[in-house]
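There are two complexes below, and they share subunit A, which is joined by subunit B in the first and by subunit C in the second.
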Partner chain A sequence: MATLTIGCFPGLVGNMTYDFALKLAEAAVNKGHKVNIWFSGNAVGSVKAHQKHLKDYSTGEKHLKALIEKGVEICTCEACTVARGIQKPEGIEKVQWNAMHWYLAKIHASDRVLQIGGE
Partner chain B sequence: MKLAVFVSDFKLASDTLDRLKADKLGIIFVANGVYHATTKENGKASHLLEKTPNLYAMSEDIQTRGMKDADVDKRVRVVNYGDVVDLIFNEYDKTAWL
Partner chain C sequence: MGDVKLAYIVQKPQYKGETSRLAITHAIAYQTVEILLDDGDTVTPTLCFIGEGVLGLQKGQKAMDFYGITSTETHIKNCLLVDLDVLVCKEDLAKYGITEDLMPDADEMGADKKIRVAPFSEIQKAMEDAKHILFF
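After this line comes the complex of A and B, so read on.
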């Protein structure tokens, strides 16, 4: 088993790269690897609970919960999240809230890192 | 360094990719980047296909865009998410996303 950390910086709902990050995480964890996901920038919107899942419209909540159940660690940038008006009690249960040092520590301890998006 | 570069765009990735150097370079076409593997402009295939013999394209992203795996240039290996995980861990040391 090896560890993959994915930094996900793009927007959330309907974003192709966001979908890619979650699908890659699922494939890696299904192969027995440890996976960490760091949300930053507009990707932090995906940690808000009670998302409406529309047909043919990708959203993150169900997927995130399934990944967490498989042992994937998911953390959102707290500053990015509260800056967008989302408070911790509104978030999906078991998603971690922390600062950039969480991401840096995971990068340091990982075998591979993939950072997607960002400006 | 063995570097795998994810190319997710059809028009904007080339300049950056031209500046990347690696002992072994792999290009993984994902999202709109898969058009590099399937589409010819003025009868010519994408010049990115000349950059390295290690070329891959995501099957799901090809099919999402109404194309078939058979439409992919013969130099490109069609892969799924599981294959990409194996590439990341077994074939390359570093990854980049364009």
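After this line comes the complex of A and C, so read on.
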């Protein structure tokens, strides 16, 4: 089995790219691959806990929790996150907070990397 | 595993969105990644600007004065200071009428590296040599 690292940069709401990134991660982990997800840019807004899932809007929380339960490592860029007013105690449990070198270290050990760009 | 080469390809103009800037800061992060790697393992990014990505790189930027944020120029200088290879597509600069002498350097900071205005063929070579390509 391979290791896939996904760099996810688009915002949670306003496009379906974020949703695609999570679906892809789910498909890969279900096939037995090791998956890492790095959030940066507007994607970091999705790590805030207590999201209300309105049917007109994409949601991150329940999908992220499910992926973490399946062993996916998820990390948010701390600088991007606090710049948006989200503090670590407000974040979804078990989502890691780190600097950009976390992403590079995961890339180093990856067979494939998908950089999913944002705004 | 040794060294892993990465090609960062920036296609979006600076200041238009966030990701073109994040390409630069993610590249600079190679300086500290070793704390998370085994001995002897390294990551070597090459930062390449192509297409509209060549816009907003010129020297003389006043982003800190007017908006209170670090300019792209400063980020580029930091790249050079930490010995990153920075390639700017020669053909795309010419397309937008931007001359090579407008590219910033970090001589006053003591950097040895300089921006390399390179033909696209050289950027393509950087992509071919890289294990992973990241498009921003």
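Everything below uses one rule, namely that the second predicted complex is superposed on the first by the 115 of 119 C-alpha atoms of A that agree within 3 Å, B and C clash if a C-alpha of one lies under 4 Å from a C-alpha of the other, contacts with A are read in each partner's own complex, and residues count from 1 in each chain.
The rule is simple: a residue touches a chain if its C-beta (ideal position, glycine included) is under 8 Å from a C-beta of that chain, and two chains touch if they have at least 3 such contacts.
Please read these numbers as outputs of a predicted model, since none were measured by experiment.
A.B. asks: One more residue to check, A:55. First (subunit B), second (subunit C), both or neither?
C.D. replies: In the superposition, A:55 touches no partner, neither subunit B nor subunit C.
A.B. asks: Tell me the contact category for A:42 with respect to subunit B and subunit C: first, second, both or neither.
C.D. replies: After superposing on A, A:42 lies in contact with subunit C but is clear of subunit B.
A.B. asks: Please work out whether A:117 is in contact with subunit B alone, subunit C alone, both, or neither, and reply first, second, both or neither.
C.D. replies: Both partners.
A.B. asks: Please work out whether A:17 is in contact with subunit B alone, subunit C alone, both, or neither, and reply first, second, both or neither.
C.D. replies: So A:17 only meets subunit B here.
A.B. asks: Figure out whether A:102 sits in contact with subunit B (first) or subunit C (second), or with both, or with neither.
C.D. replies: second
A.B. asks: Is there a shared patch on subunit A that both subunit B and subunit C touch, and which residues make it up?
C.D. replies: 112-113, 115, 117
A.B. asks: Given the complex with subunit A, which residues does subunit B contribute to the contact?
C.D. replies: My answer: residues 6, 8, 30-32, 60, 80-82, 84-86, 88-89, 95, 97.
A.B. asks: Using the touch rule from the top, collect the residues of subunit C that touch subunit A in their complex.
C.D. replies: Contacts found on subunit C: 1, 4, 6, 17-19, 22, 25-26, 28-30, 32-33, 35-37, 41, 43, 45, 132-136.
A.B. asks: Which of the residues in subunit A end up touching subunit B in this complex?
C.D. replies: So the residues of subunit A in touch with subunit B come to 2, 4, 16-17, 20, 23-24, 26-28, 30-31, 33, 111-117.
A.B. asks: Please output the residues of subunit A touching subunit C within their complex, sorted ascending.
C.D. replies: Touch list, subunit A to subunit C: 7, 9, 40-42, 80, 99-105, 107-110, 112-113, 115, 117-119.
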